[in-house]
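Notes follow the structure.
Naming follows writing order (A, B, C, D, E and F), and every chain is counted from residue 1.
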Amino acid sequence: MTKTVYITRRETFNAAHKLWNENWSAEKNEEVFGKCSNKNWHGHNFLIYVTVKGVPNEDTGFVINLKDLSEIIKREVVEPLDHKNLNLDVPFLQGMLASTENLVVQIWDRIDGSIRKSGGELVKIKLVETENNFVEYYGGNEPY
Amino acid sequence: MTKTVYITRRETFNAAHKLWNENWSAEKNEEVFGKCSNKNWHGHNFLIYVTVKGVPNEDTGFVINLKDLSEIIKREVVEPLDHKNLNLDVPFLQGMLASTENLVVQIWDRIDGSIRKSGGELVKIKLVETENNFVEYYGGNEPY
Amino acid sequence: MTKTVYITRRETFNAAHKLWNENWSAEKNEEVFGKCSNKNWHGHNFLIYVTVKGVPNEDTGFVINLKDLSEIIKREVVEPLDHKNLNLDVPFLQGMLASTENLVVQIWDRIDGSIRKSGGELVKIKLVETENNFVEYYGGNEPY
Amino acid sequence: MTKTVYITRRETFNAAHKLWNENWSAEKNEEVFGKCSNKNWHGHNFLIYVTVKGVPNEDTGFVINLKDLSEIIKREVVEPLDHKNLNLDVPFLQGMLASTENLVVQIWDRIDGSIRKSGGELVKIKLVETENNFVEYYGGNEPY
Amino acid sequence: MTKTVYITRRETFNAAHKLWNENWSAEKNEEVFGKCSNKNWHGHNFLIYVTVKGVPNEDTGFVINLKDLSEIIKREVVEPLDHKNLNLDVPFLQGMLASTENLVVQIWDRIDGSIRKSGGELVKIKLVETENNFVEYYGGNEPY
Amino acid sequence: MTKTVYITRRETFNAAHKLWNENWSAEKNEEVFGKCSNKNWHGHNFLIYVTVKGVPNEDTGFVINLKDLSEIIKREVVEPLDHKNLNLDVPFLQGMLASTENLVVQIWDRIDGSIRKSGGELVKIKLVETENNFVEYYGGNEPY
């Protein structure tokens, strides 16, 4: 019988952003995005939780070596995002709103392949923006 | 391809309650509910996490505007429950035990319609009573 | 040379209370205490942190045995307050407002002697009411 | 209509362990497990969250009495693991790597039957090793 | 005998900033401030804890009404800083480095007078920038 | 007027230890140290908070560069203690009980000089063993 276990690694990054739709007037942006549309930016301490599933290996007891998982997240997420401006500094976020929803989808595409090569299966990313709000993404799947 | 994202908003409220079955003797209540049956009430700092799923809107990057979601929770949950007595002050909890399990089910019914009108789909409520216990409700669905 | 170390033990209790001055009208109570004056009570998960100072004992490495400190707090604080109503169920809070400020002062007087008998010196109590407010008391001393 | 609710209880334990494969050289262990292979052990404050699902009972408002659930976890998990060495002191972990993945699977088998006898259905265990990593297990099921 | 109690209120704000000395070359800024010197800004979720001391009032049980304290912090700190750029949007931070050290000193000067008018004595501000670093300020006093 | 600010850096390490007095019988050790005397060790996730005071530098806005402070803590505390056995692997803890009280005093002596060379003044170390207990040390000073 398979014993599928889900393992999660947390990393952190701090970034600036604003919510701003170029096609809208300043008034419309203010109306929809409120304080988040401040033209001079604001920022957050983001927490990212990446979950990989698999059957623990008999020799290691591991679903995936957390050292490998941590390195993937640091290379693909923390390095391009930490102490950066999500709107200005991040090539893979160009052409879209810098919302946490859009960010979590883009992060999935950046790490999914590397995790697969390490022998794991990416199943969930949780991205925490503040203690009062976070997003979760299952690669487009809808478990509930 | 659809990119369904799950977004969660946290709000808080502080309330008093007791666990007490009117049809039972004081001894039976004490036996089943222990300290929670204290006739003079006790209380908690409750945390509520409301999760909505959807595809991020292209113009806003949002599944749902958190301002709208927050307002719904404040109007339907925080206002009637914060600094209240769950047994005495809350019409929608009358006629049932004031347990977190029953509370989370009632909250669902209060906010589901309003969230739908805002364009979101309510999929989960997590209600935290203490650092050691919480309940989750998926509208009667059973994802696992 | 003395090596004075400060050691802190955390315990928790959940209680109901209201802020209500018997000598005032309902309107005056509402005006001063706001939601906290709800006549049917509300409640909190309280966290209490008790700090004792001393020089670590050579044989044990301890300022005070945390088992002893925990037992004192459980007997003098948790037992009389947990799942209780601060206004109705707690003899040592009678005749005063059931505020956290008054509560922390009363707790000091209940545990100070027992801690001294265990060989420690009580120097601080921190009492957390919500994630947004807490009180600290140094036995009337004013370190800053 | 059934109103299935999920309720979770948290308990804690502190333990020592090391990751070490007896069939490998010291170099190989060091290469795969890094610092976790230190021969003299290291340790963690583990948090365990046990989730049970069910329909709230009409008389109690409970899915399961948390007093019962807490007692099961304390007897089957906390007592054999708290202030213990996972590699040396725990019979049910013999013959396997002392990883959190393997630990969470073994804990499931220890508590599943007792929870069923108490009228609940165990559906998830979350085991937190540090603020940066945790594992989740659904009894071999794969909700996502 | 006076019973001086210390009471603390927490508020939060999210802001962008960068550490940048105009009199230095880009290389020097990079060398001293590292990632924090990114010209396009980064940001944080700041937590501010404001501590006021006093003797609890007999009629209210309060050192200071937390409603008043919260309003002062919201007006003088949260409103000018939340969802703002500390370098560009905040008049009282002009002409100095936008470090948390400098920020906490400026905040003191903004709220000290208002708190005094409300009958309290400001004694400490703690400003948390990330889970790994925070500053504390006692108005220039040095309690230890 | 001097504007003394206190800045704190947090680091973490995970270690095994036991409380055991070599001069005592097993029974006496068990009686005094309880579960902490388990001969096969147990362990914790330790959090260390190091506080340095000083006047913010005009050119940097810093009391001390947190990069320097972090490096000192990593070199002198995290490297010798992380994933180690406090009783067996740590030269500077030999000949004394491996209690958090003794550990915090030893850590002070290891980092005080390096911090002074970096231009800061070490004034406090807080060492957290579990969510329920921690110690604080002010270099032998007694601020309260």
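Rule of thumb we're sticking to: a residue touches a chain if its C-beta (ideal position, glycine included) is under 8 Å from a C-beta of that chain, and two chains touch if they have at least 3 such contacts.
No experiment lies behind these values; they were computed from the predicted model shown.
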*Based on the averaged CA atom positions, which chain is farthest from chain F?*
B
*Compute the centre of every chain as the mean of its C-alpha atoms, then state which one is farthest from the centre of chain D.*
E
*asked:* Counting only Cα atoms for the centres, state how far chain E is from chain F in Å.
replied: 27
*Whole-Å gap between the CA centroids of chain D and chain E*: 41
*Can you check how far apart chain C and chain D are, centre to centre, with Cα atoms defining each centre and the answer in Å?*
34
*Could you check chain C for residues that touch two or more other chains and list them?*
131, 138, 141, 143-144
*Every pair of chains that touch: which are they?*
A-B, A-D, A-E, B-C, B-D, C-E, C-F, D-F, E-F
*Enumerate the contact residues on chain C facing chain B in the complex.*
12, 14-17, 35-36, 38, 40-45, 82-85, 88-89, 130-131
*Under the touch definition given earlier, write down the residues of chain C that touch chain E in their complex.*
19, 21, 23-24, 32-34, 96-102, 104-105, 131-138, 140-144
*For chain D, which residues are in contact with chain B within the complex?*
1-11, 51, 53, 56, 59-63, 65-67, 123-124, 138, 141, 143-144
